[in-house]
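Report on the structure given below.
We just call them A, B, C, D, E and F in the order they show up, numbering each chain from 1.
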């Protein structure tokens, strides 16, 4: 068989890479990769799942009487892995933003230490999520089935870890951890979202929860629920404003059924129930029960003026 | 680099684990893991896929004239793997519910033997699903493309295996098998659902089919269709009633387009067509053609009374 | 433990396999597998991701000054892998359709060469997609975060490769490449869809884009958007007509919000904005802003006549 | 290509297997494998190497301050793995010899516990072996080079573990552990051999040390040294007598140069030096220096009478 | 860090490769690898070990009642793997020697079929080797220990397979199979050697058995025994004569102790015993007992004339 | 089953580790591993084998027309891997010997660059070794069989790489590379040995070649040949003198048959032939033919005086 024209294509690909790098003002200096690695984060999260739930998500031959040895070793390994990735993120970010000179390793160490200190609290929160799923789903056979099987619980393990990274300003690591769960479960929770205890996502595929969302305790949501932004304001130069509070506030004990879409910085009051497929862009009073019909009528008025502009 | 405070975190994690175990009334005795393992089930299902479709999902170097050797060996391996997992589930369940003293191994053996006897019928059903997909999708190039590529077919392979496990009361194994497909395809079929032959799920992401759903022959559904429960009644002590028939009955040759939501123990009569995004909580007559407009009008009446309670 | 009745089940499984093969008019001759392999395609795509973005999706120890060596070697390996798979597809297809006698290897070689020549252009298109995501999402921290994390970008890498295979009439390979992304991201783009530069899919889970869809430049879509077909006409013999233009045309700079469903060969004019959950089966004028309320009113008129037939 | 006659060969192979089983009086009942597994032992030894030398043979990312966690977890895992293999050996042996009824698990547990208690002493002995190698070889750069690189040290790690198993009457496990080292190093030490501290084998390929050998402290041997048996007496029925003391006793501080062969229950007195290629079948006085010439002369007399019988 | 001068070294390496290819008269045409692969042969032999001894060297979860399925499937896989490697060897050889035009695939098929037909006989021979080891070693605990642990048995499994390949003129494959065992055991048996039943190699490291050696039944050899050639005659052009009978004939029931060296086409008569370290270049009568002293005296006379030439 | 006393053993192991560290004056500070890793070196050598012989020891799907891409990429990867290991060795050594302050990375870079520059010459030397084996063994079928199969060639690939590392004072890396080959082949060549072109080791098991050995061109040795030291002088403090020339010099075209032992700084003159099992501790004239008888006579005189001291 005749050969393929490898040389030509290699040249052309180099040309388009260089165009990209010039436009992006990237260094053309020799040097290695400087980005955190998805595979490394996947390993770290997998290890941390064993650290948090050793007898259920740890190694199969573990025994209760030796848990602490495993937990200690796995934790040590995960934290040092995270430390390396945190340094990569900090270096990468500095290259772009040329921040202060503070030592990268010191900053990464501080962040990882703070992250580690949060793990017991994360386990407690996840226990409350497991119980919420067990009590909220008539098909759930046991708390252990919930931990082993429910995608909503898997998504929350990732989220509660990712959220700590986000708070420690390791946003790229946080995002990678979140997207690993998104890929496995179809549940897309931005690591910035603040979520109280006892949170239960049933079925989960298609759920989207935005960056500035705030969710209280004992909230329950079903598949394809969106807690999103209504619009993205731009600043004077025409760039999107970043960091504005633009997603809903969901108070304690709210239930949101499948396919409901809540957009913008609205508040769903404590104990409100949002029906399936409801489309909501305004506040809901505590205890209110909103179904499609009602929301549509109100919604039409708000939106008619803006249509066919 | 200074070390992380591994000892402290290990201690704190032990404390929260003990709290959980006390609340959950778990044994603190020495002992190993007693739960079935997701990875083991994944291997078993992968092997059974080769058993069912040796020349298409079996090993690449297989030849037709030697199929039976492969099928026999793989079947033997898969059944003994399943036997081990079945024993784990039965032991686990007994720990909680303290059932009768009947021998675990005997019960697991009976179940696996019954499961195995169903495999030829499962293959026949899956053949009908493959044909349904081939005939139902104008983009399908061949029956083999359908088997290799279509997530709906993958979900049905898992489901038809999981459903047998469910009927044999191996519900945790069944659930794990179902969730493996859910993770890969975004299609969430509870193993309890009863589904006739020639079932076709197109695209599939976001489909949810509940535990007590009954689906006839030659039914077709599209992405994001929900066959769900309307509400979960609680018993006198305030716990959810488990096992009630609470999901739809879908008769033969019904078609349900994308995004439709059917909730509660309603019946969609033979040959009915449910339009995209329709929200349905009542019966539909055989042959009826329900679109969004109609369903909304009727739906409003039913639901208005219940809103803003 | 007593043995399972392996022999009996092996016999029964053979019987059902033979029934299938007879019905499908398959050869019962000795011989090996003749289908392309999902795992092989997964490896090829993984390698091509490194070829296209060596410093970000290539091996971790790569250095910029040696990129071309890696790119050349990986490209060579990927193309020869693809060449083998292409031959399998062509052989498989000929078995069914008994096409002309032209040499399989020659045809496969021509196709792979044409595919390879498109790679630089594909990289350029993907760069435009990355920029679109970066500019379109206020949560995006950098162009590299977008490339590493965003499922919409992963789906587009697969799609732009799959689309070339589709155009070269390697439709089974194209479909496998597309489904690999569907499984990972929940985004289901048929390889036949024609998509312009700067395409951004946010969140993505549940997006479905049909085979004959045509999308212009700088289009943005959100999760659960469907660009689908309204109906599938059958021909005189009652079989589905294949290959008809049956999906939407989306002109430049259109935005389609989450959950919107656009069905049939309609045209969304340049710069139109389609609101969340909108259900559309008719054309939209350039610059129009369609929200649920408006589309419903119009939609009702179109569809009422057809309901409850 | 035509198929191979698989069925015929399978039948013929079954026939010869049955002949073997009948001659060996093996059960033809259904049932699984009952032998310890080489791969399992290889994993256990690999883990124990990390337990004994965590910072040098343990995981690469280990840190000194977290050693104990790793050691505890790895030890737990290795001991339970060993416990399973010990049960297999005990079951296997009972099948043949029909020993007393004592519980297999109890006996295995006692043995593994005794084995574990010896590990600190084994580490101390191995430290003395490492030092002996460092001091005995002018080419050795450091004690760590010795531990990482020297096949003689690797052989001694295996031997000191295997010898404990041998003493606990787990002779099959002991043999497997010994043969793993033999395969890697060419050094064949029977697990029954008793070896004092500070033993150094240089180069090592071809060394053979027999079952009833006794070696004192600070002994040094070079490649291709044999400490073997002269003859194997048979008992009244013509079977080899097993367990007789038939290999040399080597007292403290003896040096045996390359290729020397010492056969039979002879004693090499303290501090003796045996020259290269020497062939010895008689005792050597303490402090003696035996070279080829001397040994030959004496050897001839002993052996002449027995030649050309 | 500065980059390494990859480009320069790549150029220099290309230059030396081209020099080699020119000297060796190799094609510089585009094209792939044409040599059999060591890894492929290693897999094939590993599979054949399971085919020959399914319950001891096959998969751990195998059960006696399902052996034939495994044997059939593994055999099929191994034979087709071997078929591919045989084609590679035949193609490779033709490139050099430009043989007749006979179809490569046909010739490979014939060879593999003949090889397969020999497997039951090979198993029978290996059973006799296992028994010989069990009866010949006082340290052997059981026939299964012998099969699992003894390097001499492993070497014979490889040899008996390799010898069939050699007889079928697949000499490169045969050599690779032999060297795989050499690497693992230190036992170097040329695949051409003809070896009778019940052959036992104890310890084994350093054993060398040459191409034209002929060994009878029930022969026993120990470590470091050489059955070699005395000299290699050259032909008129000064090249080594290939294929001449140049290694010893060892008749039934001979025993050769460790380190003995037998060189040239000499015959060791039935039942002869050759002592350790003996150096022999002449025939030995049946039943003779040769020790070092005797052989030396005779040896001196034979060799003195030839020394210091 | 009752638990093992993990805690106690962990404590005891810690105690013996601390004793070792105190005696060895090791730091007890927190910190990670600082030693080069055997597995890393194994990967690097494996890659370099592909770099040196791409079409024979490189990846199976390589094609001649794309060799340079592979060679460049693999070389880059191997050199950077080596660079990391070289830094580890330099850091490790400094910890012990507290050398000058020169930058570790700079020194490692210089060494790796020098190593890389030697690769083309190493390939040329290895080509000469391959030819020597092909011409020296009547059983060799082709030069490619020699490269694929002969353990002597494998040992020389390792040695020629290790020797460069040794010359660059990376002695621990060199030793690891050498021991990797020793483990696989039973051939133990110290990386310090200087070996000319066209060196052929036949069979090889048991060959030992010491650190200060010097070997000319076109030398041939057989299995179990030792080129060793006669004695190791100690210095005033009783420590072994390191680095003294203590191994033989072997001039061009010498042949040394199996089992011969040459000890001390003696010279074997050009073209000398040393017979099998010869024991030599004195010079041999060029062209001399030394057999056992002769060497023994001379040897006796030299050694008698020293025996039975």
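Please note the rule applied: a residue touches a chain if its C-beta (ideal position, glycine included) is under 8 Å from a C-beta of that chain, and two chains touch if they have at least 3 such contacts.
Per UniProt, the chains are A, B, C, D, E, F = serine O-acetyltransferase.
In this text the structure is predicted, and so the values were computed from the model without any measurement.
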Query: How short can a path of touching chains from subunit D to subunit E be, counted in steps?
result: 1
Statement: Computed over C-alpha atoms, the centroid farthest from that of subunit E is that of chain A
Query: Does A-C or B-E have the larger number of C-beta pairs in contact?
result: A-C
- request: With centres defined as the mean of C-alpha atoms, identify the chain lying farthest from subunit D.
  value: C
Message: More than half of E-F's contact pairs recur, by residue number, in one of D-E, A-F or A-D. Which one?
response: D-E
Statement: Per the C-alpha centroid definition, the whole-Å distance linking subunit D and subunit F comes out as 26
Task: Could you give the separation in Å between the centres of subunit B and subunit D, each centre being the mean of its C-alpha atoms?
output: 53
Message: Measuring centre to centre with CA averages, how many angstrom lie between subunit C and subunit F?
response: 54
- line: Contacts with two or more other chains occur in subunit F at residues 2-3, 6, 10, 30, 32, 61-63, 65-66, 68-69, 71-72, 75-76, 80, 186, 205-206, 224, 259, 277
Residue numbers on subunit A that touch subunit C, as the complex places them: 1-2, 4-7, 9-10, 12-17, 19-20, 24, 28-33, 35-38, 92, 96, 171-172, 175-176, 179, 182-183, 186, 188, 190, 192, 205-206, 208, 210-211, 224, 226, 228-229, 232, 240-244, 246, 259, 261, 263, 277, 279, 296, 299-300, 303-304, 306-309
Statement: Counting only contacts in the complex, subunit C reaches subunit F at residues 59, 61-63, 66, 68-77, 80-81
Message: Applying the document's contact rule, which stretches of subunit B touch subunit C when the two form their complex?
response: 51-52, 54-56, 60-65, 67-68, 71-72, 75-76, 79-80, 83, 105, 109, 112-113, 116-117, 119-120, 123-124, 127, 135, 137-139, 141-145, 148-151, 184-186, 203-206, 223-224, 258-259, 275-277, 288-294
- prompt: Inside the complex, what are the residues of subunit F that reach subunit A?
  reply: 3, 6, 10, 32, 63, 65-66, 69, 80
